[in-house]
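Look at the two complexes coming up: chain A is in both, with chain B in one and chain C in the other.
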Partner chain A sequence: MSQTITVNGDLLEWTEGMSVSDVLALKKYTFKMLVVKIDGQLIKKAIWPETVIPAGATVQVIHLMSGG
Partner chain B sequence: MQSELFERNVPGMTEKLQAATVGIAGCGGLGSNIAVALVRAGVGRLIISDFDVIEASNLNRQHYFQKDIGRFKVEALTDHLLAINPEVKIIAHNLKLDSENTPKLYSHVDIMVEAFDKAESKQWLIETWLSVYPDICIVCGNGLSGVGDTASLKLRRLDNLVICGDGLTEMTEGLCSARVAIAANMEAHAVIGLLMGLEEL
Partner chain C sequence: MDIKAFKDAHKLINEKTYALGTIDKGYTNRTLYVNLDNNEIKEKPVTPQMKEKFIGGKGFGLRLLWDAVKPETKWNDPENEIIIAPGPVAGITAYSGTGKSIVVSISPMTDIIIDSNVGGYFGPYLKFSGFDALEIQGKAAKDVIIFIDGINGKVTIEEAPEEPLDSHILANVLTKMYAADEKDYRNVAVVSAGSAADHCNIGMLNFSLFDLSRKEVRLKQAGRGGIGRVFRDKNIKAIVCRSPQPKGDMLNVVDMNSIKERGQKFNREMREFDDDQCEMRTKGTAHLVEIMNEYELLPTHNFKFGQHADIAKIDSKVWKEWFTPRASDACWYGCTMACAKTVEDFEVRTGPYKGRKVLVDGPEYETAAGVGSNIGVFNSEVILELNFYCDTYGLDTISFGTLTAFAMECWENGILNKERTGGLELCFGNSDAALELIHQMSRGEGFGLIAGQGIRKMKKYFADKGWGDIAFMNDIGMENKGLEYSQYISKESLAQQGGYAMTNKGPQHDEAWLIFMDKVNKQIPTFEDKAEALHYFPMFRTWFGLMGLCKLPWNDVEPANNAETDEPAKVPEHVDNYLTIFKAVTGRDIDNAEMIRQSERVYNFQRIFNIRMGKGLRAHDAQPYRAAGPVTKEEYLSLQKQYDGQLKDIIGIDPEGKSIDEKMAATRKFREDQYEKLLDAVYKRRGWTRGGVPTIEHLQDLGMDLPELIEVVKPLLEK
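Up next, the complex of A and B:
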């Protein structure tokens, strides 16, 4: 049976070694200004390529918009 | 004087807010309106920062006046806040915040508030804050431009990260006083709820 992760509420098939950058590419989140949390913990942009997502994780991606 | 000022507050609110220190990063459309709301509500101590001077184009949404044009935002805002409550403590930093100085300048806050305009700045502040102070909540504004669609302005809580706004609109659409103020007051309202220990913000 395949394992999944949840990305902004949507289920996504999980694969071994899948990184934050991989997930953003799969979800086509090409927006420059993003904040990523895995199971509640913030993951800095600098380490997205090497941060591996565990099976069953809840990933939250926030798109940041200018204005204030 | 103080007690009279907060006579109409929600019961139980004044004592908690008076004992609190809130940090605000940025004193523009979000920050100036957030600071005013928090001082009116009774927050005892604010730490504010900005490096900008007030221009005429700020007056369509920021809490400044004609006579303030040309003044530093932190200086004018401090005066306006003290004019509401002379006993509030305002610690004002007239400088540009970065990932190095922010954790030091805001090391004693109960809650941090992001009130920048640029998305890049919002990102480094959220990343820096939650890396250095993962247990101190940061409240952010995200998507408050344009006009209309009031119902899309929402509060989203991700543990210690609270996000207020529509998450969609960009400042290139233009900024409307009322819509910016809704987002600013949504942030201020979230801070008040957090300080009161409410489960539902």
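Up next, the complex of A and C:
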């Protein structure tokens, strides 16, 4: 059975070695002012490419406001 | 242009000298009143109560207007006023975004109060010339210019018959006419409208600035709500202010060092982070075009869809190519965000200025979306041309875009045809028709004259003629309170639906932009969460309009550690900058809670002002269904999987075997019900009744239980 993670409340299929950057690409989160938390833990932007997400994790990708 | 001949044709109607005075902690402590019925010019004191409860800017505008008009005053009655007020902070130059004014009037679009935020130099120059606000009442018999001479302490009203109306010419002529010499151009600020504002309710005001690098006059717009129409109805050709040259501390602030320190820190953020964040310095707000497209928020074809395949033709890379960045890309001195992008030497291909090379201010995001994707135009040259003509003719690009999109959907549905439009083929993507429409608005003729009154009046006109079903037009006509929507798709964000339709003035996003928080981040899932956001953000953002501040430097760049703060969406460090600056200018020490309460006082005052005018209640916060969900089958089918999924997972109806009509009806019922629940929650959070009336207890709590406000709300509360 495939494993999942939760990203902003939606389920996403988890794959081995999946990084924060991979998730952002999969979700098409192209906006630049993002705050990423894995299970409540802040992940700094500089380490998004190498930060691997564990199966079952809850990922928050907070888009800050801009424009408007 | 023979400027001398224009000047020689002026006839002095009245003049009044005044003592120049000083600015004390951000305030001049007086306002200037001009009456064009009897040509009275006088000073009025700013009372301690005005400063305490209304702060400045929009607050001053509302207070002065309340005292000037009656509940039944209409936009074109002589007693309606135009008030221009910079706030106490406006005019400092050591922090970015500190030169804004708010313009307040009764709107021809909504018949309630409109407030419109604008850059350019006029607001700070008015203050440097001795006044916290300018209040204009009455109507002149013939075209006049009001000139405030802040060097010699003199105000004149002059008949001005000869100058052309279009702003790119008029602002240039008047800058040269009223400056002492070339070096003085920078010290002259002009407010003007344009030829279309003579005819169209969507008329706006241009506020000039003299661009030192380009040696040209540029224009920033008080766009929303038709104040340009009021201006021309009063036969005002222009207001001109000649000011002492801005320098370090014109406001006699309490603590300049603190402002400088915060300003330098902010400037470092701009230098270090802007290129990786919003790219405001190189693209301005146009950087949002492809982002909104990616997140399905970019209105295309009258807000039917949120994305378009041709986006690359009008995305920010295209605009970056057009823009010529210069050091002077700021709408007020000292702004390092410098988002006021400009296209130089743009060759116009239609209309009266065909073949001329002009300077185009923009396009900003709202314009690129409004006169671009939303009307199906994916051609940057056409967008630039529409941008140029909207500006010089004195038309609001947002309303122009949204109402043209509405007319195009009417065309698509047979409500309009060539016969009814006088030959204009107003189908989506027809740029020639859109350009001809704008020229008709300028000439005050043909279908342009009908369209220029805005969507609400168009709907009635079409229905009265028997051309279309009013219910359908109400669904697709993107207006609330009579004002056209600005350019974001709100269908999938209930909070943003409130952010648009629960506003005081009508659906402009400058109260709250909650789409990411709500739709994408899912940070505010409950009605209470959304209501809290629809309390905090509109109040927080109202504060910019009280101060004379630009909103953009608040959250279009963020400090390095913003992500680590408790509430990154609020950008706490920048909020702290603002509290520090307010104290440093005025000497008043306030905290976050008092900041919100300052806004709440004014916000509730504006709500009650609308109620006093017979509006401002729950019924007026209703939204067109297009803002909330799919009106047409085409829309439903474009996102069928998503809508079917919502039916099953959220609404609890199995879509299997149901017709599209049945599914659309169930979706609509659910969404409309959600919006009503949101209204309940928001009103409760804001201290209002279910009908949307501020309670007396809430007014007492805010210290706004003024007798004139109680008199308005009491009968409604007793019902």
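Rule of thumb we're sticking to: the second predicted complex is superposed on the first by the 65 of 68 C-alpha atoms of A that agree within 3 Å, B and C clash if a C-alpha of one lies under 4 Å from a C-alpha of the other, contacts with A are read in each partner's own complex, and residues count from 1 in each chain.
Following the convention adopted for this analysis, contacts are C-beta pairs under 8 Å (C-beta built on N, C-alpha and C of every residue); 3 or more make two chains touch, one makes a residue touch a chain.
If you're wondering where the values come from, they're calculated on a predicted model, not measured in any experiment.
*Asks:* I'd like to know which partner A:Gly40 touches here: chain B for first, chain C for second, both or neither.
*Replies:* After superposition on chain A, A:Gly40 lies in contact with chain B alone.
*Asks:* Scan A:Gly9 for contacts with chain B and chain C and give back first, second, both or neither.
*Replies:* Touch status of A:Gly9: second partner only.
*Asks:* I'd like to know which partner A:Met65 touches here: chain B for first, chain C for second, both or neither.
*Replies:* both
*Asks:* Is A:Lys28 touching anything from chain B or chain C once the two structures are fitted on A? First, second, both or neither.
*Replies:* In the superposition, A:Lys28 contacts chain C only.
*Asks:* Which chain A residues are contacted by chain C in one complex and by chain B in the other?
*Replies:* Dual-contact residues (chain A): 32-33, 35, 42, 44-45, 60, 62-68.
*Asks:* Give every residue of chain C touching chain A within the complex, in rising order.
*Replies:* 276-278, 285, 288, 290-292, 294-295, 365, 488, 509-510, 512-514, 516-517, 520-523, 525, 551, 555-556, 558, 562-564, 568-569, 571
*Asks:* Hey, which residues of chain A end up touching chain B in the complex?
*Replies:* Checking each residue of chain A against chain B gives 32-35, 37, 40-42, 44-45, 60, 62-68.
*Asks:* In the complex, go through chain A and note every residue touching chain C.
*Replies:* 8-9, 28-33, 35, 42, 44-45, 60-68
*Asks:* For the complex, give me every residue of chain B touching chain A.
*Replies:* 26, 28-31, 115-120, 122-123, 126-127, 130-131, 134, 141-145, 158-159, 161, 163, 165, 167-172, 175, 180
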